[in-house]
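Look for chain A in each of the two complexes below; its partner is chain B in the first and chain C in the second.
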Partner chain A sequence: MNDKLRSFIEAAGWPRVIIGLFLLSLFVAAPFVGVRVDTSLSDTLVRVGMNGVMVLALVPMVQSGCGLNFGLPLGIIAGLVGAVTSIEMDVRGLPGFLVAMAIAIALAVVLGYAYGLLLNRVKGDEMMIATYVGFSSVALMCMAWLLLPYKSPNMIWGYGGSGLRTTISVQGYWLKVLSDFMSFNVGPYFYFPTGMFLFFALMCFLMWAFFKTKTGTAMTAVGSNPEFARACGIDVDRMRIVSVVLSTVFGAIGILVYQQSFGFIQLYMGPFYMAFPAVAAILLGGASVNKASLLNVIVGTFLFQGILTMTPSVINSIMQTDMSEVIRIIVSNGMILYALTRKVQVKR
Partner chain B sequence: MKDANVKEKIQRLLISNAVPIIFVLLSAVAIPLSGFTPQYLIQEMMTRVARNSFLVLSLLIPILAGMGLNFGMVLGAMAGQIGLILISDWSVSGLPGMLLAALIATPIAVFLGWICGTVLNRAKGREMVTSYILGFFINGLYQLAVLYGMGKLIPIRKAELVLSRGYGIRNAINLQGIRHCLDDLIPLKIGDMSVPLATYLVIAAFCLFILWFQRTKLGQDMRAIGQDMAVADSAGIPVERTRIIAIIISTVLACYGQIIFLQNIGTMNTYNSHDQAGMFAIAALLIGGATVARATIGNVFLGVVLFHLMFVVSPMAGKQLIGQAQLGEYFRVFVSYGIIAISLALHAWKRQKDRERARRSLRGQAA
Partner chain C sequence: MASNEPILRLEHVGKEYFGNRVLSDVSFTLGPGEIMGLVGENGAGKTTLMKILFGMPVIHQTGGYDGKIFFEGREVSFKSPFEALDAGIGMVHQEFSLIPGFTATENILLNRESTRYNLLVEVFDDRLRTLDRPVMRQRAQRAISTLGVEIDPDTLCSEMPVGHKQFTEIAREIDRSNTKLLVLDEPTAVLTESEAEILIKAVRNLAAKGMSVIFISHRLQEVIDLCDKIVVLRDGHVVQEAKTCDVTVRQIAGWMVGRKVEESHREEGEVRSFGPTILSVRNLWVDMPGETVRDVSFQVRQGEIFGIGGLAGQGKLGIANGIMGLYPAGGAVELNGKPIRLNDPEGSLRAGMAFVSEDRRGVGLLLDEGIDWNMAFTAMQIQEKFIRPLLGGLVKWRDDRAIEECANEYIKALEIKCTGPKQRAVELSGGNQQKVCLAKAFVVRPEVLFVSEPTRGIDVGAKKLVLDTLRRYNREYGTTIVMTSSELEELRSICDRIAIVDEGRIAGVLPAQTPSEEFGLLMMGEIKVSTEEKVKACE
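Coming up: the complex of A and B.
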């Protein structure tokens, strides 16, 4: 029994065990401080569904050796453009969502290709450059949101009559088109967004199937040993570009899933820091800078979002202060830091 | 043959100074558009060079040691701010207050620098992204200390510093007591313009310190490590220790830099000031033509002037050009981030090219 426990801890890794126990204790403590467990669980699940695809988007680039995609905002921007364009075209309901997705994917392919070309020229420094590519593209789009000729009165500033608002509601368009598909309630407090989870599962399946194809296997080979991959006749640069495009496209889809559940499109500086929670989540799930699996994505998203949901309600009721934001900063960045410093240790 | 050589030389000169050249051109377009008077701009630059140079200079030593841009300088800035919070509480004003703040902040900065150095030693080859994330992480701890610790664990007596709930420091702190105390120490006026002479003297002294430091044994060791860690190691240089020292020096200097910066500004934004310090300092250094591997004092001053020229001019230029000041505001954010992205990418690209060239040269003349 003891051996089994030890091997489990070893396989899962200490950080996950600690965070997992912490989360568990939060759930256990919740009823005692007047927080409903079913509400919390439902909130956690909704958030997992919202963020899952964005976390999934990190997998291809990690697998192809491009590191953690801190440039995720680039994909998110493609998603935002898709979202506002679909509203501008006034397509409602599921078709609207699909239109948004089609535009977003098309744009993400183009942006991702250019981004991939750039990252191929800076091998070894991808993460730092990715961060700043993300930041500068968000800043560039800030100007674009002001200037682009969108006309829909639901989106532009009331005065002046031009420039998009900072937050745009998707109500009346495609609010919860995925979430509410086959969703059900258990009791008055537990809500399960079935459609969103089906979609997330579909995305995971696509990703899984992709890594079983020839291209997917070649990509993993590039990530684990580029020299060997080259000797096998794999076009390393092409594989890396494919992975970056894939990551950007998933990022774009991910933000659309997020928005349809959240109800708002956040423009301007909204996507600025969105890569960090996703990165922290996948690392929390046990991924490292050069290896990530679907299990890492699912476990990590659940743990991370669980902590985000539970700390404000539970910790605040216990300590009478709002420390959740600080805890979030420390946990997520601590996790990234742990992953960045870990690889060298293993090497030795 | 000779012609081609000259052409190549000019080409190389243009490429290696591409960033400053672009900025000079950009300013040349934007200054007339903005409609500011030259006198205003010169005064503004004078203040801003005094305010920011020290922070930017603190980045030089880690670059010398081959550790790239020290995004961890925000750690030092945080230490400086803790010092400033405490002296505002104790109502120590003027130059003694500033010195006391520096004195309190130094051990904190040394400790944080030591942590940063130790962490970076475990992440060789990706120092920049690691120090960047470390900045966020320590920011969390800083918030924990300042937002929850101060007033509870650390006694704060002044009510105007503390949030209305009884603990935690307010968002903005008025540093009236030490405002301009260094800048106005030696009053000097040229025409209508006031010159913060004492600050310039401190900066000059610090430049001399860096020049001297590069010639010491430690400075030479750092340079050797910056060139090749393995070679330095086999030459008997304690690589890890020297790298930690480089980061500690940088962090402590950033701490002083932040104190100088805030004494000029006069108000402290408790939870944001340090974040911006790092980004602006790094953007300024890169605009001055520095790269991740090579930076000089000249780069620092050129960078600060060009960056802040754009900083002052672009909102007005945006307003005159398109009628929206907000656009200029976003433009300047875009430029700060974009320039860091481009310089980092150019540097990494160049390094990759160099590596390829080195590999090709091993093959001999056949190709």
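Coming up: the complex of A and C.
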């Protein structure tokens, strides 16, 4: 028994065990401070579904050796453009969501390609450059949101008659088109967004399948040892670009999934810090800077979102102060710091 | 020239690195004003010997050395290069240790500058004395002119041609007033022929003034021209110590490479027949750092095992790397009469060539992946083996089961010691890693297989296995093999013909049965005297 426990800890890694126990203790403590467990669990699951695809988006770049995609806001911007354009076109329901996705993917491919070209010129410093690509693209889009000629009264500022608002509701368009598909309730408090999870599972399957193909195998080899890949006749730069494009496209899809559940499109500085929770989640899941698996994505997203959901309700009830933001920052940035200082360690 | 009291005497000097003996029982003497040539193949122990003499810290960190060293009649054991310098031993290394932004004068006199008194000294000690530039310039000029060359003492080192840098380094050693023994480690490697001649003249000048010199070079002609006596090292032993005027070039070459050959594994009486020319290389140049290939042409016939040998840094490794497109290259390479596009690894692989790199861990393996992936990867990417097309070929699905079967097959055939096909390559021993690299190439079923340094860093038993595997593969499938190795005996035991590369060019191609002295001669550069004569008259 003792051996089994030890080998489990060995396989899972200490950070996951500690965070997992912490999360468990929050769930145990919840009823005593008047927080309902079923509500909390439901909230956690919804947030996992909302964020899962964005965390998944990090996998291709990690596998190809480009590091963690701190430039995720670039993909998110593509998703935002898709979202507002579909509303402008006034397509409602699932078709609207699909239109948004089509536009977002097309734009993400273009942006991702350019981003990939840039990252190929800064080999070795990808993550730092990516961070600034993310930041500066968000800043650039702050101007674009004001200037783009969108006309739908649902989205523009009331007083000037032009320029997009900071927060746009998707209600009446495609609010919860994925979440509510086959969703069910257990009791009055527990809600399960089946459709969103099916979609997340589909995305995971596509990613898994991609890494089972010839190109996916080549990409893994490029990340594992670029010299080896080159000697085997693989165009290393091309593989890296493919991975960056994939990551950007998944980022774009990810934000759409997030919005349809959340109910709002957040423009301007909204995407600014979006990369950090995703990065923290995948690292928490046990990925390293050069190896990541789907298991890392799922476990990490669950643990990270679980902490985010539980701390405000439980800790605030105990301490009577708002600690949630502080804990969120400590966990996410601390996790990034921890993972980046242990670059070599590989956990699968 | 040699006088009665030797300046340097070594008695039974030996050295072990972690149980690996690199030097044993080295003894010789060196008189004042005498020039000794130290000759030997790579790994014969020349560098280690000089490190011991110069008191390099690495020697003491690894447990010191055996035997005794006497310098000017006193027993010495230097703990650091500073002690050696103080005692009067100067050393010029193969790599430059000059400060690029300093002038020749400043480099020559670094830390020994002439200084003048100023007031600050009263407060801050001698470290704040003013540099006496005119005097320094004179001293530098004097040291340079001793060498018989023209270098402006005010030139920045970064702007000098390599030859002048080398002279500046030597001038630095000369300026030390007490230098009695000068060690020159391959000083001519970077020099042009005329510069080398000047250097040799300069060294002779120094010797005439009473300085003793140990001269390390692989160019035999220079050793003959310059040295009074030679010491030949092989596998850590002094195989010969002789006056230069007593020996022939052939003898030196023989001492250097000759071994009690264990030729047991060459199958006697085997008649080898080859097909038409399969690979032809004309005027190949390759820009591989440290292994530059300048102008190489050769032809290999189908079914042949062709060896490429030579000393390290001469360019033998660059040939295979260049043909496989891993380093910038030019020239004409034809496989079966069809030209190969250079600088395109994929093209070279598709044409039917495969490469086992000398850099096993850097280029040869995916260290973090399993054995199965390592073996199958090239074949999968280039030839679409282990691929199951889905949706009418739209999706190229990896066939993990086929990969595993293939890996199991090769693990058995090559006797790879591992826990299974999923074990990560990084966990294997050197020999087993090399076998995985070979398997990777075999899976491709190449027409021409390039193998570089297949036995580097693996133990004796594994060496034999690797060589036997190559030979068997050649016999069974008729695969043409081009093998590059620093170990001549290894090449001779398996190859049909061997080319020796010297300074980026092929010095000669000989059948493997040729006596090893002949190969030794080729390795040592151009030699002007006839090989059978005494190299020079005794004075």
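Couple of notes before you dig in:
The rule is short, and it goes like this: the second predicted complex is superposed on the first by the 343 of 348 C-alpha atoms of A that agree within 3 Å, B and C clash if a C-alpha of one lies under 4 Å from a C-alpha of the other, contacts with A are read in each partner's own complex, and residues count from 1 in each chain.
Here is the rule we use: contacts are C-beta pairs under 8 Å (C-beta built on N, C-alpha and C of every residue); 3 or more make two chains touch, one makes a residue touch a chain.
Model, not experiment: these values are computed from the prediction.
In the superposed pair of complexes, A:140 makes contact with chain B only, with no contact to chain C. By the touch criterion defined above, A:227 lies against chain C but remains apart from chain B after alignment on the C-alpha atoms of chain A. Shared-chain residue A:212: touches chain C; no touch with chain B. In the superposition on chain A, A:4 makes contact with neither chain B nor chain C.
After overlaying the two complexes on the shared chain, residue contacts for A:330 are found with chain B alone; chain C is out of touch. With both structures placed on the common chain, the touch criterion links A:125 to chain B but leaves chain C unconnected. After overlaying the two complexes on the shared chain, residue contacts for A:151 are found with neither chain B nor chain C. Of the two partners chain B and chain C, more chain A residues are in touch with B.
Those residues of chain A lying in contact with chain C across their complex are 209, 212-218, 220-221, 224-225, 227-228, 230-235, 291, 346.
By the touch criterion given at the top, residues 70, 118, 121-125, 127-129, 131-133, 135-136, 139-140, 142-143, 146-147, 276, 321, 323, 325-326, 329-330, 333-334, 336-337, 340-341, 344-345 of chain A touch chain B in their complex.
The touching residues of chain B, counted against chain A in their complex, run 119, 122-126, 128-130, 132-134, 136-137, 139-141, 143-144, 147-148, 322, 324, 326-327, 330-331, 333-334, 337-338, 340-341, 344-345, 347-349, 351-352. By the touch criterion stated above, chain C contacts chain A in their complex at residues 324, 326, 345-350, 355, 357, 359, 362-369, 373, 377-378, 380-382, 384, 387, 395-398, 400.
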